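Alright, structures below, take your time with them.
One chain, chain A, appears in both complexes that follow, with chain B as partner in the first and chain C in the second.
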Partner chain A sequence: MNASGIKFGLGVYTALFIVFLYGPLVVLAILSFQTGPEGGPQFPIIEWSTYWYKHLFGLTPPSRIAPLPIDQALFRSLALAVMTMIVSTVLGVTAAQAFRKKFRGSGVIFYLIVLGMMVPGVLVGLGMALVANTLGIDRHWWGTAFVLHVVYTFPFAFLVMLAIFNRFDPSVEEAAWSLGVPPARTFRKITFPLIFPGVLSAMLFAFTLSYDEFSRTLFASGRDLTLPLAIYGTFSVEVHPNVFAFGVLTTLFSFALLGTYAVLMGLSVRRAKRMAIQEEA
Partner chain B sequence: MTMAATSHDTPVETAERPTRKQPDRTFWLLAPGALWMLLFLVAPILMMVYVSFWTQTTFKIEPTLTLKSWITFFTSDTYLGALWTTVRIWLIVLVSTLLVGYPAALFVGLFVKNKTLSTALLVLCVIPFWTSFLIRVLAWRPMLGKEGAINMILMKIGVITQPIEVLLFSELSVIIGMTQIYCVFMVGPIAFMLGRIDPSVIEAAQDLGAGFWRIFRTIILPLSMPGVVVGAIFVSVMVLGEFATSAALSGRKVNLLGNIIVTQVGSLKWAFAAVAGVVLTILMGAVVAALLRVVDLRKEL
Partner chain C sequence: MSSVLQLKNVHKAFAGVPALAGIDASLANDTYVSLLGPSGSGKTTLLRVIAGFEQPDSGEILFSGRRIDGVPPHERGIGFVFQNFALFPHLSVAENIAFGLTNRAVDPVTDAKVVAGRVRDIIGLVGLSGLEDRATTQISGGQKQRVALARTLVTEPSMVLLDEPLGALDANLRMRMRGELRTIRERCGVTFLHVTGSETEALAMGDTVLVLDAGRIAQSTDADTLYSRPASADVARFLNCYNIFPGAVSGDAFASPVGALALGGVKQTSGNPAYAIRYDRVAIRPTDAATADDEVRIEASFVASEYSGAAINSFFTLDDGRVFEVETHLSHAAPATYEEKGRYALVWKREDALVFV
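So, the complex of A and B:
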């Protein structure tokens, strides 16, 4: 086959594909530096400025463009993401731990858990709203929305931990048990350090997915807005560059999380290597 | 403190573990997660099915069973129109994510021999998945608008003299937006399957004189089918459950079943929302079942 020609063509295509993936975000980032408050969300850039970033934090004189309601929403989103992260990671680790032994009905339980990430938010959200409505429960971000966030992120944590336990050598644990180390201590000293990279990945998944989640939250959270809901609220009205500035900041936040994760992961791998060397010596 | 308490009774426990304690331990490890899913996933979905048969009055619902909401749904042009729009948009986006994603997957999974480079390219494709979905949707507005980046560039290089207005607030903008957001879920599984093809098979075909198209049709495409099916399942489930992209980019011109549910809930028409939800669930189940028939995933993976 005339592989080199085809390879070149596909390479060019892939480059364009990546432009397609990133182009809109780049344009959004550029336009967030539009001058304000008269500059609109389009080219040309009249004058470069950080007006819309200041606008976001309420540092500009009041204008006809209402500031995004983000201060309270930011707190709620972060709290919700942390709660979701803790609960879904614990559930994911325990459930995956159970799956290390074969048991009857494991197929059903597996699909029950994985269903949580497959069922669209609009359906569970609606269902939860109906349940709350019928039972007369008030919908809140820390209640009905929180349990749905866990329904969504727990399967990710579970699958990550399942993959980790699959490659895990049970003989180290058995060695500890046979030496009389209690199970809780074995878990803390032996199992946990070995599965730590998986736990870290599960936490990153759960936090990020919850922080950006909005379709479940829309139905289940009642009156108080989370960050994604504040953004969703701007969809029906005219968009101003302040939303773009917010988009840039939240994207940077996601990247910072990803960076922290990469650093922690690198440290843990390095530590594992050092331990292995010590053992050999 | 707790440590001392547990270590006290360990020898007995370790001795008994393999025989009696095991099923018990599995049960308690699974119970919290399984219970969570039953209460907060299965119960709400069942509730949705149940409520779809309730009686809807102006502002509330009563648990008197009736088929009225179902009849309203299937005799109303608005609802049937939304169902048809949902199916149409789903099919178009499914095909376009496949067409846009496949060549990129082919390059990353098969043509890039350097493992580090192919991983880096895949990571580059996945990174947008980590950023806010709503921001990515919104980012298409300054791209596609009448004074948007695409129109501006096209006018500058002289391809068009008038801005193309149909780019934003139309079905086309919804399709473009969804294709960009969801094609990653196509690229990943396909690239994964392509990466597992044994290069010697392709070399053998080359040595026997097969051209690229022949190799593509008889080797590459069939071996990548499980990836295509997995990608198609991801994309289908997500597109069918969509409402935000059409809310942001169609200017209320495109109403999907998801949008119907949002509006009905907003006006407290719970029973109608539930009917739309059940229809959507059935549609999704049928699509996934049909896709699983195309390829036996358990055998192939």
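So, the complex of A and C:
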């Protein structure tokens, strides 16, 4: 096969990849503009409207279709994701820092940590429910489910930080020590600023994984539902395009989050660039 | 002169392989000490042990009379300049230099004016004026070297360890920085311990030269003595200016693979018998030329010569296949031409040879 043939093949492959990646999302977005309340979650679009967006916020006249029970669930999911993000990132950074030196049992502990992201979520969720019942602990999204979210996202944060520390030149820390700066202050003033881009990535991982976690939360969260559970709950009755409208909004929210990440990431690079411009001026 | 650093029988092994096998040394206050050793001789390990980045397995380290083995690096007050400079990439040149002053645990300088003044002084001393606000990625190798040095000197350590500080610079800059390092050290009055694998660098820089071989200090002396009186055949070999023959003394001659070499010079006890003659003490003559009574003569075939400006190095093969090198300084005479594979007599004075018994 000649070079242009390979190029063409790779182009087609990439195009297909993008179609499958974004196709469902595009369909969802289109259907969210279906007319309501009589329009259903299927083609053709009877009439373009923003009815379902208004419906989400309770701006439509009452109809037989109940509003999505998401306001409480959204708050819970966001709070849970933030809590998980903070705890997992702190654990991930400190654990990866510990793994910079070989210690006794480091191999075993590494696999024990990574196991948290390998084991099937439903089993862990069910197990947690059983343990909680046996010990007489109430199941809550902020308790049992939170613990499982940390167990699940901590390995991701840990692996990200491990990779970051792998490329980290320890001589800058030694240089700081030799200047009389104690290790804790060296970590805060030298190590942390240098690994900050990695910390941001670890935070992003932990937040997004926790925010749409389903299987572990299903059995472990108790009575009060998180967002993915609440949305799944509405499917059991009937699917209306209001779910799609909500999906579009949460996707926009995720993009906003990614945007923030990109801006923060850029800021740590900007400094060096600014210096470069000064240099040329 | 009082000693600032003393090492007593320091041992260090990595996974059972000894890197330091009983280091004993004493470094004088306010001197430039160079530490010469081939790669793998443990010189970087020794430096890291003194700085506290590695713990010795046994032995004592005394710094200004205080025992410091076991003391963490930030409480030792010993500066360290890394081969790769290890500048803080997120800080500017001035911030790099001020970092130790403002952040150290003991006696930090909190007054911004005082810090700025001290930073300005040291920037002047090392010649970095005008670059204060540059990022460390925006300066040249030589400038990075100066930042690394200034960052350390501004904290006023009593001793600075330099790990192959000129290794990352190009040859031209290396020559210039040699002189500057010496000048800067003299102005600060601190002891520099400069690790290098280059014998010319060690000889040019050090008031005292320590030679490290296989985890031990093989010799500790001034540059001139080291060059003309190496303590053993191994040290002579690092200096890269001696032809060395193995063998043993028998009667009034040294029995070597190329025959008996008459004795006459200094005999030194080193445990490992050898006969050494400096490259530049040998004369090349036609085979039929006369030999004086106090001279040693061997024959060899000429192979090639290498011209290096002020001198020319000629290479000969001896009858046992060994390569013999002769350095002729061109200030004495125009370079002679030798016939390839031609036989020549190599002659030197008996008293110029070093004999190790």
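In this section, the second predicted complex is superposed on the first by the 265 of 281 C-alpha atoms of A that agree within 3 Å, B and C clash if a C-alpha of one lies under 4 Å from a C-alpha of the other, contacts with A are read in each partner's own complex, and residues count from 1 in each chain.
Throughout what follows, a residue touches a chain if its C-beta (ideal position, glycine included) is under 8 Å from a C-beta of that chain, and two chains touch if they have at least 3 such contacts.
Quick caveat: nothing in here was measured; it's all calculated off a predicted structure.
Trainee: Who does A:Met83 touch here: chain B (first), chain C (second), both, or neither?
Mentor: Touch status of A:Met83: no partner.
Trainee: Look at A:Met128 in the shared chain and tell me whether it touches chain B only, chain C only, both, or neither; answer first, second, both or neither.
Mentor: First partner only, chain B.
Trainee: Could you look at A:Ile65 and tell me whether it touches chain B, chain C, both or neither (first, second, both, neither)?
Mentor: After superposing on A, A:Ile65 lies clear of both chain B and chain C.
Trainee: Between chain B and chain C, whom does A:Ala176 touch in the aligned arrangement: first, second, both, or neither?
Mentor: second
Trainee: Between chain B (first) and chain C (second), which does A:Leu200 come into contact with in this model arrangement: first, second, both, or neither?
Mentor: After superposition on chain A, A:Leu200 lies in contact with neither partner.
Trainee: Is A:Lys189 in contact with chain B, with chain C, with both, or with neither (first, second, both, neither)?
Mentor: second
Trainee: If you count the residues of chain A that each partner touches, which comes out higher, chain B or chain C?
Mentor: Between chain B and chain C, B touches the greater number of residues in chain A.
Trainee: Of the partners chain B and chain C, which touch A:Met265 in the superposed model: first, second, both, neither?
Mentor: neither
Trainee: Does any part of chain A touch chain B in one structure and chain C in the other, and if so which residues?
Mentor: 177-178, 180-183, 185
Trainee: In the complex of these two chains, what residues of chain B are touching chain A?
Mentor: Counting only chain B, the residues touching chain A are 2-3, 6-7, 10-11, 13-14, 17, 22-23, 25-26, 29-30, 32-34, 36-48, 51, 100-101, 103-104, 106-108, 111, 121, 124-125, 127-128, 130-136, 138-143, 145, 147-149, 152, 180, 184, 206, 210-212, 215, 237-238, 240-244, 247-248, 258, 261-262, 265, 270, 273-274, 277, 280-281, 284.
Trainee: Could you please specify the touching residues of chain C with respect to chain A in the complex?
Mentor: 51-53, 72-80, 82, 84, 86-90, 92, 99-100, 103-106, 133-135, 137-138, 148, 151-152, 155
Trainee: Can you tell me which positions in chain A touch chain B when the two form their complex?
Mentor: 1-3, 6-7, 10-11, 13-14, 17-18, 20-25, 27-28, 31, 41-43, 91-92, 94-95, 97-98, 101, 103, 109, 112-113, 115-116, 118-124, 126-131, 133-134, 147-148, 150-151, 154, 158, 177-178, 180-185, 208, 212, 214-215, 218-219, 228, 231-232, 234-236, 239, 243-244, 246-247, 250-251, 254-255, 257-258
Trainee: Quick one: which bits of chain A touch chain C in the complex? Just the residue numbers, please.
Mentor: Those residues of chain A that touch chain C are 169, 171-172, 174-183, 185-186, 189-190, 193-194, 268, 271-272, 275-276, 278-279.
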